[in-house]
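In the two complexes below, subunit A is the common chain; its partner is subunit B in one and subunit C in the other.
On to the complex of A and B.
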């Protein structure tokens, strides 16, 4: 690991001041579960780390019928928070499945949302790809069994954050603080596709911090969250989905279908949502919506199976939202 | 063989019972010191410099920039690349140099500062491309070597006699040993004498290895390995380039040096299980006899290493032929890995067995029984298959393909195994009984994690009528005498006889001391329940403590060695698996495993069962998770970590029931390897039984399971 300076700011303002506009020069440190591992592997080599765990809030505050979550909150605390569970059960469900208990006890909300891709080309220093300032992507011609099937190119990563998916579904807004003050960015506009910005996965500037997640009142929705994981723990989902539905009698009035681990961003599927509206939820309508969600899937040489897996995740999340027993 | 007083006791007090690990408290409290934990005054830390390329010519190496780094004491080349014909690196991770510094961090930085100029050469890492000739010829003499073919009977006649013929291509992947403790060494010189603490499966072999490579007398080398975190074969055959570099750096720096490898180096350069692929064509007669078995196989053991494995495995066919090709690739060399060859042979054979059984509408167990060699103490499969079937509920197994509605399909599979595990000498043991009642059993073996100390204490205490905790086992040091390497499941069978002989002789000497005080002949005395007393008259004797007071200042000492008749070789076992497969995700969950396994006389029941648990879990990993993934273009490994190199966690491990089939009359036989042979095939067959789709390739990833089902539907 390259030697680095360590700064321990007391508050948000000091923390922002300690950052630098230069990419990967001075970096916020949350639980370090991602960043320290990248540093040990010589993938990211900052000059300076700015600890944000004490500078930023780690609590949950009620606001306008919704909740505001501090970016320094631990994943373990998110998973166990009774108000989050009551109002946004899909967020609790996503948080509890992340990594391992050890990881969840360290990892923070800000770090989880801003963690970098797990693409194995990115993570091995031998491969200098687009994400590291190189001039190519190794995955389409290489080993791509865990890569994206939707919205990808020229990089084919899947977005790694589990929290991002239900947060997008619930209409979260992120509060960012930078040298010029604060800005509020809806989650739907926060994450960016590689064709918009190849090097980074979101609109956060190197001298900005994500300080809060602001969740609007959930409204009268039912939620379902389903993750397909090969191993029961210490593993990444192959595909997962959060589904929110508002009912009008026995038929769906409004639906939100957001998928994870299938695209370079948390992927909202308007096709699946349209397929549900006006229908009552059955195994058949759920399967049809899942089919619609994958209509535009473009698998690579080795990740075709992810289309099936993602369909299953969407279908089962829909059924769960409707309270129907699934495998 | 004539009875002898050294024979295993007919009614043992401790042998065969469930004795807790005597070093358990030391391990859980951290008092047990592994090589990684050894720290010496003034010790330096070293790191290796390795090739990032699978194949390259080393044009030049400049150590100077590393030597200028903070804290660096010395740096050495693995060999003189400039003046050697041997100036190529043959796999990613191949050794170039090593650097020693005052801290581990400084050593890491310095290793990266070594300037190596490479001429990158074309590489071959894809087996198919080596075979079809589209890969560049990398190895002198060609990338592909034919192994000796084997043939028996008349294949044409065999196929003519077949009612049905099955053909298939089967494959198993390269996996790495992934020991919890990485390979590593601490070396310290005193003049021309070397003391080496090394994570090794054989301290005696390591001593020979250091001495011959360094050109010093073996008598000048002392090797210690008190505790080690797994080897599985990867720490058996040599001290490795890193071990030698550690010794050389320590000499050059005139200071003790610690050199431990990291996880990436472990995956790249410390051995693996070779890949295995085969094309098999087999014929079966209407009555379920295999009439012909024709197999072509190939596999890669890496850069210049072989990949052979037994095929067919255990089942018989009068008419058979087998060819094998060793494919050399620019990847780390294979090393023996827990039951070398058997897991591959088992998988390739057992899968086609169920395919054949279905062709003639036979139950897999009946079909296996029909084609097994005759039953014998070292070939008990028939009995174990039937007994296991009854316990497992095999009668509830449905025919191929679970017809119940819904996405979750369940199924059962079965598979069998064998292994040698015989003992051999010399394997001396030395026993001391002191006047304060202490008992030391000292021998030069090592504990590779299997629980050897517990075995030593159990046998000794059993002979002396004591509790295991009253014995001090002393092992893991070449100063304690020669001992064989712990490989091939030979340790228990090699060391147990000598331990018992030494303990019995020491007891005889103690009886001689005690007899006059009791006024009885020594021959009338026995040791039991912590007392020395006249047989059948417990009152006529004295406590162990009082008995030892008769010894005087000079302790009793006695030596024993391995004796024929107290150990034997060759085990058999059968394993049953039940799985649930989610056919909409391709995910396999193993629900339960039943193991029937013999190992002759069970000496230490808990550690024996622990070997079975570990073997089953290792094989489950082989079946579902582990896979060395190389980038097809650059040949570099993509998952040299524990994130994408998947291993089962607690919640992925099912209930495992172990039935040890005692055969005390056969003496001690090793058990480390056989339990890891059969599980993978049993799981794959259970998946076949659940889904109706034959899985011919490991690991059974969701991609493969869904792919196979899609192919079958099409």
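On to the complex of A and C.
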């Protein structure tokens, strides 16, 4: 990797002051599990790294019936936190499947949410794609078996964060700190489609830090999380889903269906949610909602199978939320 | 394309020549002062050239002059003569570099040396006590849990960390706890047997 300067600020203010408004010039270093690999491959070449592990909080604080999670919290600690498990089980379920024990011991919440796409064209320095400031996406004419089937174009990456999906479902808000102070951005507005912003995947400015995830009180909901993978470990899911349902007697009063690894952002499906409201949860209603979730899918040349995989993930997440056993 | 300077020459990490000319003791003496920049109220940026880095490895203090970009793995292997842990993929994908930092297994290839100052670092070189192997090392020998052995130091460190956290790890915990390590020779079943045979830090 290219040589860089290093700074170890003691608090949030110093950390923000050490960043730069220029893209990838001075970059925050969390667990480094994504950033260092990109730097070794010359995909990202910052002049300076700002270690934010001391400056940012790594704890969980109760706030207004919900929880506030510090962005420097390690994924292993998220996965094992009893209050997160009790109040937001889908977040625990997502965290425990991220990477490996070694990665979860280093990787942070902020890093998981802000990691860059896993697209093999982006990760290869030879391919100067939109995400590297280039003028094309190589996947539509290339190897696209893991690329997006919803909401994509002109870039076809899928969003790589596992935490983003359940956090969006639970209505999380992200606190960002920048040179002009703080701002609160709901997860639903944080992640951006390529047609809104081609190079980056979210609204975080180069001189801003994501400092906290604020989760509202979960309310009386049941949750289900289901990931479909090639490998049981050490890989990103092919497709996954978090489903939250609030019941009114035996029928669904309200539903949230959010999918991961299918679109350039965590993808909320209003179609699937509408298909569930007023119904009781059965194999048939879950399958119908999964069909609805994929109604607008537009697969590329090699990823048509992901439509079926995503349907399975949605269907099983719904059944799990209803307490029905799944494979 | 970017100019690449991470060759052994660029990184100035040619171990053979380095030890021929300097040696560890000489290196420690050549360092004027430990990292003082971090202690100031407004931290100054250090690097990109060599900066003093003080590590605590296997209970021993090691003072180095290295660039901020040097990983913990490279620092120990090429600058401190602690070559037990191997460099496999250098991308956090194989586990051969697994070390224990403050009680937790991490990929030392994906950790900068400069960011683990002040932490308790353990690598496989510090595991045995004299000629007496650690119970996990002993178990790997007895169960013949290796072929080429390149992954073994990483597997052993991951196993030690796992058993220190869960002395009586269940088969599921062992599988989940070691799934960040890969054995290219495919000795997984022997490794599983070896780790399963160590109970409560003793040979069972």
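Definition applied: the second predicted complex is superposed on the first by the 327 of 327 C-alpha atoms of A that agree within 3 Å, B and C clash if a C-alpha of one lies under 4 Å from a C-alpha of the other, contacts with A are read in each partner's own complex, and residues count from 1 in each chain.
Methods note: a contact is a pair of C-beta atoms (placed from the backbone, for glycine too) under 8 Å apart; a residue touches a chain by one contact, two chains touch by 3 or more.
Keep in mind the model is a prediction, meaning the values are calculated, not measured.
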Between subunit B (first) and subunit C (second), which, if any, makes contact with A:235: first, second, both or neither?
first
Answer with first, second, both or neither: which of subunit B and subunit C does A:106 touch in the superposed model?
second
Considering only the touch criterion stated at the top, classify A:124 as touching first (subunit B), second (subunit C), both, or neither.
first
With both complexes overlaid on chain A, does A:29 touch subunit B (first), subunit C (second), both or neither?
second
For A:138 in the superposed arrangement: first (subunit B), second (subunit C), both or neither?
first
Check whether A:312 is in contact with subunit B, with subunit C, with both or with neither, and answer first, second, both or neither.
first
Which holds for A:284: it touches subunit B only (first), subunit C only (second), both, or neither?
neither
State whether A:302 touches subunit B only (first), subunit C only (second), both chains, or neither.
first
Subunit A residues contacting subunit B in one complex and subunit C in the other 1, 42, 100, 126, 232-234
Interfacial residue positions of subunit B with respect to subunit A in the complex:
52, 105, 108, 112, 406-408, 582, 584-587, 625, 629-634, 636-640, 643-644, 646, 648-652, 701-703, 706-707
List the residues on subunit A that touch subunit B in their complex, please.
1, 42, 100, 118, 120-121, 124, 126-127, 138, 141-143, 145-146, 228-235, 238, 302-305, 308-309, 311-312, 315, 327
Would you tell me which residues of subunit C are touching subunit A in their complex?
1-2, 4-6, 38, 41-49, 51, 67-69, 71, 90-93, 95, 98, 104-107, 110-112, 114-115, 158, 161-162, 176-181
Mind listing the subunit A positions that touch subunit C in their complex?
1-10, 14, 18, 29, 32-33, 36-37, 39-40, 42, 45, 48-49, 51, 53, 76, 99-103, 105-106, 125-126, 232-234
